[in-house]
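Order of writing sets the chain letters: A, B, C and D. Residues in each chain are counted from 1.
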């Protein structure tokens, strides 16, 4: 039973990768090899060396320090955006799927409008009202990702609601909230988890794109997305500039995806036979 | 039947109108004066005044709104501040391009995602399955523009098999269209396919241990075959949902790909229009998107009940 | 070459940390019909699944299974090799018909697939043939039924679809896992005849799993008794049933006798069977005649509800429910199924209202409407003072807090992601239940005891249980909060006789203690007779007869009731039938 | 395939790339014209495409910044430098078949005042009257002498229009230039076809196509894959090293008019103190900025005057990189540990520049916080219109724009022009020599006041297939003159 559950390799790998990112973020509060912001033009565009583990960028800044520091921003952006989207979108979707009729109509059409609404406009609007910056960008991204969650949650809910175990619960007069929590949510959790991990990756990259439009993390604060974006032009000459932030993003996204997969599979009792 | 249609149409129009209000006032709330941008640096107050009058942005907001909406309902999107021409043909041209691009890409993405996701689920314990899902995760982790640039570098610059960029409408020269559309479609599809793969895997895992698959196998179907013939349809609803969300989001979201491959799609049009505060154009594009999204999602809701007859509402 | 058709030796099935079946052996000749009986959860289904190579994930088999004409051992054969046998030479009817059908594929296609699969039949012919097959399993209007999705069919109809599927290719070995649990007695008889006919005609082998000893007696030449995963007894049917060697077998026989009670007036279970004295030993005694005494035992208690009958707890008037099935063609209107037509009856508090009837006659539909899960097309249903028809979810709340339902399909009604303990405890979460949160665990354990499940079952998930065990989980959930009304749809159909007796005893206790009002659907006339004071007989969506149980059984008035009572099987009768298998009585 | 131009059919270009026998050229650009009407729409994209190719002026500015005759064969300037008499080329036709005459000159010059919606129109304010003397002679009376005016005639305000061709300027262009617009695919390309009735030297190619790209990487990819022949005004110098060593390509590094201006709000603290501004200029290592932000391509200039301007002089040494001096100046001004906001428009050059500048300012104790401002919308609003900024950076592309920037206290720089106002007017009215020396004085004054920093002059980088000839390396006005472009 509860003893000695075997961790799935995906879960384990995911946990390791995510803790790597988390570790980097935490470490950056205490220590980075160099100031991640300060430019040293004389040292620009160096390859990896003992001095600069990952080399330096066009400003002569230490890429490794940037990666450490950027972990903070990346984690922050990804988690908050996903958090906003999932915490608002999923309940709305479940609500729409459970209460069909007017409630469904209003939430889903609202979601449709929001879905059609380019996140860029949201970001500009938020930037105008609250001032551009990391927080604004991730709130805009988060809100922009709500419809995805709502639709995914709703479709899952519709299917769950047609099962007999939900009917049994309804027949037993279980309140809707409890049905949502105990029956619907666990059974759509797999999809929601995947949606979270996918959204995480998209959010990190969207933040970079917004930064480029002046709507995200302002320079010189390093965020992985922006480091990657800025190295675009150096792909032909200094590919390693893109490599490191690219790899960092991949590690984070991969980590959260693996973690998501692992959790998903773990919460699927049928997959694991007896535990 | 007739009444149902009417109700649906009414819902559609109502939603659409709500969206017009949202979009209109949203666009007025964001900073930036179209006249100022049209004139650029060195604008003078008099010129600004004159330009605003010309654009009609000096009128009270309700007047502007009703003017716009009444035009919209007549199918007249207004005149762009930037191009100084009718917006409708411009938007429709771009829309056509985007729909072709995104539609093809989604089709290819599904062609990638369904088999790969199914295999990844089927072999979720085996190394090959883990590899497959790992690959799809990498696909999610690779930013679209990087994928696009890689494709260009390898297949256009390196091997010279395809042009690096550009667009030909299929009606003009179909062979050239195919030639040019391949790389952007692949770039979009590889990322979207990777994303979809994850959902397919999850959805297939969900149905994999269902009893009816055992029944199918008892009839003599192989494991994979049973999954394909009986499991996929049961897994289809969430995948359909995600694909529809992606489709709606991509019509604009393909902008990165559009830029790399210089495809004149709706996304880059919107981006430019927003940059120029070409308000009427932005509003028109967004309304086209709203209409599209509504249509897509209504269709998907209908598809749900076709895929899963249990979801039919009781009359 | 005249070896047995199937030779199983040393078959062991184990889950990660438990052995489910141990050292099972069986040699089955062509034309032989072997019955596998045993306690619920004893490993019958697992054995069958192991033979088919279709064990669930996390469960593995060892040993050897040889099928005549196949070079390789079926254990350890590749999926490829097995899929060539399955459906063609090995046919199987699964235990739970409701979850065994693909919910998104029309049943006709599902049957046709079995035909086309092995190459023999081209698509069009297969569609044709599948309708014939559906007709052969007595589905009404088979052409239309072929166009129905599984959820549009009744439990018994789905079970017959599965049977049609298994029979499609005339397999050499037919494995039937409780193939008639959802069938009324008359259809059951026909299906059994169909199965044994086929076996006789083609000289194929039959492995027949059942908890119904009468059924086993009527169809099997040889009986294997499984208990706790171990074969405890086997031998020719007559011998096993007349001179059972193992105490467990003896217990089973005792428990199957619903006419016999122990000193406390309760049904025998395997545990209490020591005191059982078989009534009128071997053959020749028609069981139905012995109905009177048990009904009279109940007579005094029946008086109480009758007095209060001025205020019926459930009042159904002119209830109709019409379903539409998908169109068969674009041009014809969708077919209508009149699942309920003009049904009226009253149930008074404390009454035990039995519903019997033909498979597909609308029993489940009726219960769903009573529970407010489905809305009638017309008519009125008042339950505990609440009008069900046309009321909204919120208004149903009060009704439902007094009512619990047990569905016909136990698997589907259990949330696959909740542990059994949570599932059973769920009704306790409702406000107004007397049990404090910290006692939930204890209460769950109590209920598990009461339905004969081990306490550790609380920590496992539904899919890790056998069909009968799941059914008991559903019952435990329904009973844990001592509802005022219990609406139960075939709640004991998958239970072996001993456990069934235990459950029936439990229900009787609750009726006595809490004045539980019971609406109880069963195809098993014996069970209804034992438990219910009133019975309604349903036929084609109508109640054709109602009245006190004893009276209806003793003097059936309607033609259908007569057929029903006449087709009811008892153990001894079953043996008689098998003896004259060639000339079975066609019941209609 | 000749004549179809555009993105869809580069067959001519491809063939050209291979054997040099050649009828067309495809040029990649970034920044597409929104419409074809530069009389009402700002920005360099429209004149870049149309000036010199479709529209021509009386004069043109050559690659060295000199004024050369174009539609005017010659001109006389009166003693008081207020009356210009132009003698026009005879036999010039607009591409709509109309003849180009002195009437068109009058029409065009007067139309600037009446119909143009652009502050550029102010450049024609000095024109008093335009008198047609004959079909080929026209006299322009200025209200005061102006050296700048003749130069301006070589820029878009001097473009010659046909009276019957201005009805739909946004989508049709009627001019006297060597090309006509053959096709225009919005969002993609403009295709030109050479005119066979062109009055001057015929272009070397039959067709020329301008293809528009969203970013620089895409342009170079297109060049490498053979889709385009030339990348003009390449915006990603980081990509150049891969072309420079490659025989298949030629790289031209010309100059442009584009100065990267580090603007400081002269009108408010702390930059209303000249010492603080000077400190900033000393604190910024412009060579390092050029190296990091633009890979070392570009020209260091000390003031907003490109070397192609007649009054250019090397002022690079006024504010050498000297952090100590900067700190001293700040201390003197009492502005140690300064906190300022650095409003950076969302353009790649601005972002790159700002990151290094911030770092350098930090060294001398100026703590600049970058605030991104969406360009153009937000930047125009906050910085340009409302002057609500401390420091900003922007590329000023107009030619000869010193006075536009500094001779107007209401301009966003907020520079108090009392010291230069008269000198500037005098210089404009003086003869050519006086103009040069007068302007030099003005520029020096501005420079001494450290009114703004000019970080570097944008390069005009052109990368082309090896066989392409006649490409204008310098971008002196906005125009991209395709008239001489051809194949070896």
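Here is the rule we use: a residue touches a chain if its C-beta (ideal position, glycine included) is under 8 Å from a C-beta of that chain, and two chains touch if they have at least 3 such contacts.
Composition by chain, UniProt nomenclature: A, B = ABC transporter permease; C = ABC transporter ATP-binding protein.
Nothing here was measured: the structure is a model prediction, and the numbers come from that model.
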item	value
Comparison of A-B and B-C (more C-beta pairs in contact)	A-B
Separation of chain B (ABC transporter permease) from chain C, taking each centre as the mean of its C-alpha atoms, in whole Å	50
Geometric centre distance via CA averages, chain D-chain C, whole Å	88
Mean-CA-position distance for chain B (ABC transporter permease) and chain A (ABC transporter permease) (Å)	20
Where chain A (ABC transporter permease) and chain D are represented by their mean Cα positions, the distance between them in whole Å	44
Touching two or more other chains - residue numbers and ranges from chain D	217, 374-375, 378
Where chain C touches two or more other chains, by residue	56-57, 463
Residue numbers of chain A (ABC transporter permease) (touch at least two other chains)	124, 128, 232, 235, 268, 270-271
Those chain pairs that satisfy the touch definition	A-B, A-C, A-D, B-C, B-D
Chain B (ABC transporter permease) residues within the chain D interface of the complex	31-33, 36-44, 47, 50-51, 54, 82-85, 90, 93-94, 149, 152-153, 156-157, 160, 163-168, 172-173, 176, 258-262, 264, 268-269, 275-277
Parts of chain D lying in touch with chain B (ABC transporter permease), wherever the complex brings them together	7-10, 34-35, 37, 40-43, 117-120, 122, 170-171, 185-188, 211-215, 217-218, 221-222, 224-227, 374-378, 380-381, 384-385, 396, 398, 404
Chain A (ABC transporter permease) to chain C touching residues, read off their complex	1-2, 163-174, 176, 178, 182-183, 186-187, 189, 267-275
Of chain A (ABC transporter permease), residues touching chain D in the complex	37-39, 41-42, 44, 58-60, 124, 127-128, 132, 211-215, 218-220, 230, 232-237
Sites on chain B (ABC transporter permease) touched by chain C in the complex	209-212, 214-223, 225, 229-230, 233-234, 307-310, 314
